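Look at the two complexes coming up: chain A is in both, with chain B in one and chain C in the other.
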Partner chain A sequence: MWALRSRLVEGLRAYGLIVAMWTRSTLAYRTSFLLTALGNFAATGLDFLAIMLMFTHITALGGFSLPEVAFLYGTSGVALGLADLVLGSMDRLGTRVRDGTMDVLLVRPVPVFAQVAADRFALRRLGRILQAAVVLGWSLSRLEVDWTPGKVLLVPLMLLCGAVIFGAVFTIGAAFQFVAQDAAEVQNSFTYGGTTMLQYPPTVFAKDLVRGVTFVVPLAFVNWLPALRLLGRDDPLGLPGWVDFLGPAVAAAMCGLAWLAWRAGLRNYRSTGS
Partner chain B sequence: MRSGTGDTVRGPEEAGAVSHDPEESGAVGRGPSGGEPGFIELDGVEKVFHVRRKAGRLRRVREEVRAVDGISFRVPRGAMVGYIGPNGAGKSTTVKMLTGILVPSGGRLRVAGIDPARERTRLARRVGVVFGQRTTLWWDLPLRDSYELVRRMYRIPEAAYRRNLERCVELLDLEKLLPVPVRQLSLGQRMRGDIAAALLHDPEVLYLDEPTIGLDVISKAKVRGFLREVNAERGTTVLLTTHDLTDIEQLCRRVMVIDHGRLVYDGGLDGLHAVGRSERTLVVDLERELPPIEGVPGARTVKVEGPRQWLAFPAAQSAAPVVSAVAERYPLVDLSVREPDIEDVISRMYADNTAP
Partner chain C sequence: MLYAAVAAGSFRRYATYRIATASGVFTNTVFGFILAYTYIALWTERPHLGGYDLPQALTFVWTGQALLAATGLLIGGGMDELQERIRSGDIAVDLYRPADLQLWWLAADLGRAAFQLLGRGLVPMAVGTLVFPSALPASPVTWLLFLVSVALGVVVGFALRYLVALTSFWLLDGAGVSMVAGLMCLFFSGMVLPLNVFPGGFGEVVRLLPWSSMLQVPADVLLGVHEGVGAARALAFQAGWAVVLLASGRLVQSVATRKVVVQGG
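For the complex of A and B:
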């Protein structure tokens, strides 16, 4: 237990060191950083522009108003943005395995996970978070919700759990790249693809798809299920009400799964060397 | 069919270095009590890979590849040893097991008393690694920032760091390169940068995987000189894998040869030349076309092409008498000496080894 804790501390320390180094080197070119962050902001903002355009012709999408869709958009965007900022570089793992630079990480006295996660830490990804946060802020000001303390608390909680769930998906995807080095796109379809889906109300999708993201890759717990509770809607699968509060448990379970996957991936690498 | 660990190893007096000592080393790991102090100890180490190979349209067969097939050796603290062999012989696999990157399939392996596979990160503080083909530095960061990050990662005390860095900068001529991002460095500059990075934390052992591959003559000389000094002054144990016999000649008194995953030679370089019957070649350009050169003691003419002739002589022998014998009697315009090809030496040795 102590060993695990000290490894965790070591990992966080190493992560911090590498992130600080990349941040400093990014900020050395301030204009370039501002431009790429702005680009990131604008590029992700186009998604919401598309939704707004849609609402110039309709008043509701799958029974959801614009502020409600904006709430889904903002929550999924912030959750993914946080995970992307912290772990987004992990999809380069396949490349590292292929070109052999993975070995370099294994000869350093700090946990490999921290090195892979912090590698090329991209501060510009704040752009996505900021953009989604702006949309979320706007939606919160427009939503007609009876704000109880529980509901207020639910918002940051779902953002946190959502980020953790996305982070676990990033990790599992990366772990899979130990075996299949070209799997980055599969992972991207769950993370970046997943967030695009979560921007829209679950009612516009086929039930099988909604089932898939509830029970198989539990992205529905990022925002759909808690948001439906918050907005006072029934979920299309008709699940019992307590399921809406499973977010933290699902996030924890995903972390456990990610940890196992990462361990298995690394072990496989260390026995096969490829 | 696999024979015992040591009996295929050839080598003159060092044959005893390959021991089968089954006794466990002490917890401190200064080597088996009473035996030769082994800083690096391998006993029957194996690494088996399973590869899937296509056999027919859909069928795939699992095949066993024994990349390292029962290797045993001891390297005492402070030694500088060459570890050579043809491509795919198992050199890199051995180094990867010594650093804990790869987990051995069998046998026993200790570096400074530590089992690398089990305590990789603990060992990492005590070893330095240079991979010739890929950098351990951060591609986009200036060299100075890379070193600073290494300092923090390894928790190198400020004073030691400054001392080591200054030394490396001076001896490897890095001053002008410190503000340059690694990706903009030439191969030789990068290699020097990499070697410095591997030594900042005062490692007790340094593994170098092809440290001079692709370098120009000046860079090679610089790197070799530096390694010699580190070994002599610091007492750093150095294990060097290389293709370049000159590296070995200039740096190592002991050389181990691996082929097909087995240790086929462990001893001095002279012995290697003797065992491999290796020859150097003197290439001479004469003023005009002449019949094959004759009467040079110890050398024979192996090839004639117009005014250019090739003379082979034993690698252990000096080139000077051969050159002067030729110059004395023939109109010499130009000459060069070619070192024996390591692949040839080893393939000849291996052929001898497997012969009945």
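For the complex of A and C:
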């Protein structure tokens, strides 16, 4: 137990140091940093602009009003943004395996996971979080919900669990790249594709697709299930009510799975030999 | 002849990355599904929005996924490779090669696009057509016009990215400009939402910008929105932008190579 704890502390410390280093180097090119952060803000903003353009023609999408869709948008956006900020650079792992620079990380006396996670830490990703948070704030001011302490607490809990679930997906995707190397794009389907899907009400999608993101890749726990509860909507799959609160358990299970996948991936690593 | 060899080489180069291509196809298909369902919800709520019926809207989605890689909507703003060569100063070597810089990169880009149209376009299009209602044309003439329109879209996409890449001569780190350009490209091409759904005067203006050549115009040609004289006008619109943008690229290039001191020299 002690050994595990000290390794965790060591890993976090290393992560913090590498992140601080990359942040300093990013801020050396200040104009570029501001532009890319702004670009990040605008990139996800465009998605929301598209939703707003849709709502110039309609009053409800899949039975959900604009503030309700904005709530889904904001919660999934902040959750993914947090995971993307902390672990988003992990998709470079395939490149490192391919060009052999992965070996450098292995010989350093620092946990490999911390190094890969902090590699090229991109502070500009704050832009995405900020943009989603603005939309979330706007939707919260417009939603007609009877706020109880429980419901108020549910919102930050959703964001946290959502970020952990997305973080686990990033990690599993990176572990997969030990084997597949060139397949970095597959994980985009689940992270960026996932958040695009979660921005829209579940009633829009075919039941099988909703089942898939509930039982196979449990992204529905990021925001759909708790949001349906919060907004007083029926779950299209008709699952029992307590399932809406499984977020933390699902997040923990995903972390366990990600840990196993990462360990298996790292043990399978063969350097590019010649 | 030289440029044909460059294009062929570029085609082969992209064909080597099989796993990357397969994973790209997978991702395009997943995004296609997600978009298709949101469009179904939108068009059920407002049938004939933007003049499309539901099958047309769905075919628009899958055309978008098919062209995403080919016309460069995905690589968006810049040309990483060229920008890196400008930043590192390697561009000096390229400039005294006995080949034209712009034509060289255009040829390479056409080779890339040809591969990605086949490698990354066909499968998502086929899957989408099998699963969802579709409005694909039966007439071979329409398909031929569509291919010409896609080719012109690729050239316009290249010309825009080439202009962005050249800014690296002055800015060195072109990441910010590339990003902004990439966003404009995604939004104004119709990738985020078809341009005929954009409201009022804003929609009118957006449809005249060069980015519409990269998805909206080819998709409309495929969907039979432009027929006969209309199709000829659409292709002329694309060709016009291609010429204007390539010429501007040439102008900027001559200014850049004359005035700018290459890094490290």
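FYI, the second predicted complex is superposed on the first by the 269 of 274 C-alpha atoms of A that agree within 3 Å, B and C clash if a C-alpha of one lies under 4 Å from a C-alpha of the other, contacts with A are read in each partner's own complex, and residues count from 1 in each chain.
One rule holds in what follows: contacts are C-beta pairs under 8 Å (C-beta built on N, C-alpha and C of every residue); 3 or more make two chains touch, one makes a residue touch a chain.
Note that the structure is a prediction, hence the values are computed from the model and not measured.
Student: Is chain A touched at more residues by chain B or by chain C?
Tutor: Partner with more touched residues of chain A: C.
Student: Between chain B (first) and chain C (second), which, if any, makes contact with A:R270: first, second, both or neither?
Tutor: A:R270: touches chain B, not chain C.
Student: Figure out whether A:G100 sits in contact with chain B (first) or chain C (second), or with both, or with neither.
Tutor: A:G100 sits against chain B, while chain C stays out of touch.
Student: On the A-aligned overlay, A:W147 touches which partner chain: chain B = first, chain C = second, or both, or neither?
Tutor: A:W147: touches no partner chain.
Student: Figure out whether A:I18 sits in contact with chain B (first) or chain C (second), or with both, or with neither.
Tutor: first
Student: If we overlay the two complexes on their shared chain A, which of chain B and chain C does A:F215 touch? Say first, second, both or neither.
Tutor: Neither partner.
Student: If we overlay the two complexes on their shared chain A, which of chain B and chain C does A:L46 touch? Say first, second, both or neither.
Tutor: After superposing on A, A:L46 lies in contact with chain C but is clear of chain B.
Student: List the residues on chain B that touch chain A in their complex, please.
Tutor: 49-50, 93, 96, 99-103, 105, 117, 120-122, 124-125, 127, 129, 131, 133-136, 138, 140-142, 145, 148-149, 152-154
Student: Over in the complex, which chain C residues touch chain A? Could you list them?
Tutor: 17-20, 22-24, 26-27, 30-31, 33-35, 37-38, 40-42, 45-46, 49, 171, 173, 175-177, 179-180, 182-183, 186-187, 192-193, 197-199
Student: Spell out the part of chain A that touches chain C in their complex, as residue ranges.
Tutor: My answer: residues 29, 31-32, 34-36, 38-40, 42-43, 46-47, 49-50, 53-54, 56-58, 60-62, 180-186, 188-189, 193, 196-197, 200, 203-206, 209.
Student: Give the list of chain A residues in touch with chain B in this complex.
Tutor: 10, 14, 17-18, 21, 24-25, 99-101, 103-104, 106-111, 120, 270-273
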